[in-house]
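Here is the structure we will look at.
Labels for the chains are A, B, C and D, by order of writing; each one numbers its residues from 1.
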Amino acid sequence: MKVAFVGLGRMGSAMARNLLHGGHQVTVYNRTRSKGEQLAGEGAQVANSPADAARDCEVAVTMLADDGAVEEAVFGDGGLISGLKAGAIHISSSTISTNLARRLAAEHAKHGQHYLSAPVFGRPEAAAAKTLLVVAAGDAADIEHCRPVFDSIGRQTFIAGAEPWQANAVKLCGNFMIASMIEAFGEAFATLRKANVAPHLFLDVMNALFASPVYANYGRIIAEEKFDPAGFALKLGFKDVRLVLETANECTAPMPLASLVRDHFLSAIALGQGDSDWSSLARVAARNAGL
Amino acid sequence: MKVAFVGLGRMGSAMARNLLHGGHQVTVYNRTRSKGEQLAGEGAQVANSPADAARDCEVAVTMLADDGAVEEAVFGDGGLISGLKAGAIHISSSTISTNLARRLAAEHAKHGQHYLSAPVFGRPEAAAAKTLLVVAAGDAADIEHCRPVFDSIGRQTFIAGAEPWQANAVKLCGNFMIASMIEAFGEAFATLRKANVAPHLFLDVMNALFASPVYANYGRIIAEEKFDPAGFALKLGFKDVRLVLETANECTAPMPLASLVRDHFLSAIALGQGDSDWSSLARVAARNAGL
Amino acid sequence: MKVAFVGLGRMGSAMARNLLHGGHQVTVYNRTRSKGEQLAGEGAQVANSPADAARDCEVAVTMLADDGAVEEAVFGDGGLISGLKAGAIHISSSTISTNLARRLAAEHAKHGQHYLSAPVFGRPEAAAAKTLLVVAAGDAADIEHCRPVFDSIGRQTFIAGAEPWQANAVKLCGNFMIASMIEAFGEAFATLRKANVAPHLFLDVMNALFASPVYANYGRIIAEEKFDPAGFALKLGFKDVRLVLETANECTAPMPLASLVRDHFLSAIALGQGDSDWSSLARVAARNAGL
Amino acid sequence: MKVAFVGLGRMGSAMARNLLHGGHQVTVYNRTRSKGEQLAGEGAQVANSPADAARDCEVAVTMLADDGAVEEAVFGDGGLISGLKAGAIHISSSTISTNLARRLAAEHAKHGQHYLSAPVFGRPEAAAAKTLLVVAAGDAADIEHCRPVFDSIGRQTFIAGAEPWQANAVKLCGNFMIASMIEAFGEAFATLRKANVAPHLFLDVMNALFASPVYANYGRIIAEEKFDPAGFALKLGFKDVRLVLETANECTAPMPLASLVRDHFLSAIALGQGDSDWSSLARVAARNAGL
């Protein structure tokens, strides 16, 4: 398939590479051109703008940091929407707001283009290993059409619904689940450290209990307080929890645990942890216990 | 080993049976005598009081519902403390307060007896399958001495520290981790149901993400809202979160997420859910969203 | 002074009338023209657009429901910004976001116009009685210049700072203080009703303790559960708490009590209370107690 | 009336003195005898134990720090219950738990004695000025009988109900109202300080808005951060919020704002503020904002 790929950060580069490996013709665009050129050696075309990349493609994937970056790449000068041909499909894999997803669906429709949300779960290593989880939503036929793309970047694809923003709601709720686990770990570790229980003892018990790689991974980081360098920056975790609260607001559904986590992320940022790993949220509970 | 076993509820009966299977000589006591007689056919002696059961035993295990039941079994008429010989060890496997654990340690010491806390993780099926996780704390030599007991009832034994109450702190924090997961699920499902996303879709994604049997089990119950009959009653979950807050208080460590969960449990009880499964905590979030 | 007045709701009409009584020449504009015509009989000119109203005026006051209404009145077709002469001052008395206040300051500056935020505390009866509290912020000379306007509408003027948005921050924090009092009342009344203590007894004690008309007023409404018709709609209270959280976010300052109140407002809206008085927030606590 | 008075701290001494001024015959007891002797010069008899003080009295008032102190004075060696004659009335004015109030009522009844709860609102200066608010509960005839006592110590007496513990519920809820106000002030001041708004400006606005001496007093302490010496120690405020949560628990009524305040008090204690004024709760919000 002829695919445009916009956004070559750690996640995006790995995903674009897997599309090449999957046999797709890939044209890439990144604001910093050098990242695109690395992929040129592996068979990618390098474009000068999102619009340029999208021209002649059936599908254009965007993988960017936040709402602002997506808005610029789609609606800005040389934006995707001005280059994508009628009938082509824009797949946004970024973790964006449900509100922006609705706007993208509406604006692409006005241009005779199609839009899918297909955010992914997984860290850069999972992206490289093609083990991402893809959560897609939008028109069923469009999703089927894009299957080869999803199959090239992830190990499993879930269909969240017929409205693209529903996939974003699922992605945001999933990140909320992880952030909640981090908060719970933080509070338990704080109490247990003051009880003179070794963090690793508790971690071992939790690993035996939950038997989850997510618990094992974050539990270890928190037990050892190795928050730098960040796997996923706290300020991005904060952004995601803000977005899930916006979605909950649109749905008129209170999420008090998300509010609690949001406030603790904000405190962490106030105290200079914005660029540390989001699991350093646990330090807020520790600090409030006088540790 | 000669073991007394006090408390033959669903958990206790299975544990006592596994002690018999493990080759121990077991004398049992239960307030309702009929439960003990079921085990008599499998080789257990049946006693008329905890003191009676404990006489001549090296080790006495108690597995009871809450602080009150343990206090009665130990300090009441015919209580354990009046029957246990000097040098014998009382192992409390109940989920009790850290405060009571300290009192038990002190009172047994006054009688020349030893005390260990060894609460367990696992539901009745795990008790029957001998796959409980045992978290023990107390004097290291006593723990070693009791290894054959722990090995007969669980699949793995963790040592939380030299003070018995530390094991209770770990157990309470572990239950807090599960309750937090339930709260997070409840809020995510509430928002997603209002977003018209099918609960099972989200559950499938979370199972792929966390790959944890605990998430799979509780996620399914919540997605299907099958809260009756209870696997673990909400009022007991409430008790455990109250106890973790008491422990946190003793440690001067705030646990705001535990407070949130406590308040939601209390609301659930006010609305008649005390005997439903503790995962029906999720209905509080649903109700607050108008579902 | 020659004053334009845009927005003739219950608050705005009373304020415009007091400007007339204060000897100012007032040109009014309201989307629904009939409201302006009521004031015509009292000496006001009636304009066809905000721009039209602002022409030749030294000062233009806007008193509108929310950010959207202010944006339309200022930046829309026939908006204030296109009619206000260079050097003239726009005073926004609406309860708007700090973010919009900054945007207004910047946009007016681009047009050689001046901008002040001067939100007010007080209900419509206070507006009629000229007992509003005015919180102004912006350029000190501009504030002095506008004194005669402030003196005509309120009983006291406070100066929050040199940046207009600071006045909005103060106004939002003030509304947060009231909402917090309502939440506290709601929780206390719920517990006391379940303790069979008469609500009026508690209210009498609180009136003796706090000796505040704000407590007396809201306490009575909550004790008697007379939430309709609304003095100030719950959905507007929700908006204000959302805005204070946005401001807190801009300032990197967590406000967990504001988060709690926000979530309870949202639950109230989910359960159909959006148009009731914002003090019906108290019903959330009552409902969570099974009342 | 012949009155025993037990507990001569700053509050108790002032109350006992006012009973003397009111023409009552007062026998006092205090653990540290010197405090009693100060009152001897003003006409009081000094007793050697609560029982000794209570002998021959119609009424015995206790004014002590907490549940533990009351339990010792009533049930300990030489305790009130062993000295009070049949038909005499014990009035507990201490801020104690509803649970202890129920126990006192039951135990006194067993001894043919009567029991009233009559906690008071007001600081030591109010006690000296005879402007306390008295909240009494219990048997209506007993309350009437004790009117001369209440009239001698306070400016107004409220009757909370026929069960003594109801008065304690009202007192605890009243202290919760004040603590909630402090939390709200703390969060607002934190945000506004980061917005470069002068604390006193906000305080002036709140004083104009609420017109309450309680707001004026605590607002000033917080704005100026003058938390030492304490008017009312933070650790006592923490105790009261814990007690209101216990009462709410007995009533099956969640109080999430009380939980939030409790957790912040606990954090303050972890960080060494236990002996500062309870309004230093505001420092928790400041600290979480990086101030």
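We adopt the following convention: a residue touches a chain if its C-beta (ideal position, glycine included) is under 8 Å from a C-beta of that chain, and two chains touch if they have at least 3 such contacts.
Just so we're clear, the structure is a prediction, and the values are computed from it rather than from any experiment.
**Student:** If you check the contacts of chain A and chain D, which chains show up for both?
**Tutor:** B, C
**Student:** If you tally the C-beta contacts for C-D and for B-C, which one comes out higher?
**Tutor:** More contacting C-beta pairs are found at C-D.
**Student:** What's the chain with its C-alpha centre farthest out from chain C?
**Tutor:** For chain C, the chain whose C-alpha mean is farthest off is B.
**Student:** Could you tell me the distance, in whole angstrom, between the mean C-alpha positions of chain A and chain C?
**Tutor:** Here the centre of chain C sits 39 Å away from the centre of chain A.
**Student:** Which whole number of Å gives the spacing of the CA centres of chain C and chain D?
**Tutor:** Whole-Å distance between the two chain centres: 38.
**Student:** From the C-alpha centre of chain B to that of chain C, how far is it in Å?
**Tutor:** One centre to the other, that is 53 Å.
**Student:** At least two other chains touched by the same residue of chain B: list those residues.
**Tutor:** 248, 252-256, 260, 263, 267, 270, 288-290
**Student:** Report the topology of the inter-chain touch graph, choosing from line, ring, star, complete and other.
**Tutor:** Its topology is that of a complete graph.
**Student:** Can you list the chain B residues touching chain D in their complex?
**Tutor:** For this pair, the touching residues of chain B are 242, 248-249, 252-256, 259-260, 262-264, 266-267, 269-270.
**Student:** Can you tell me which positions in chain A touch chain B when the two form their complex?
**Tutor:** Spelled out, the residues of chain A in touch with chain B are 98, 121, 133, 135, 156, 158-161, 163, 165-166, 169-170, 173-174, 176-178, 180-181, 183-185, 187-188, 190-192, 194-198, 201-202, 204-206, 208-215, 244, 247-248, 251-258, 260, 285, 288-290.
**Student:** So in the complex, which bits of chain C are touching chain B?
**Tutor:** Of all residues in chain C, those touching chain B are 256, 263, 267, 270-272, 284, 288-290.
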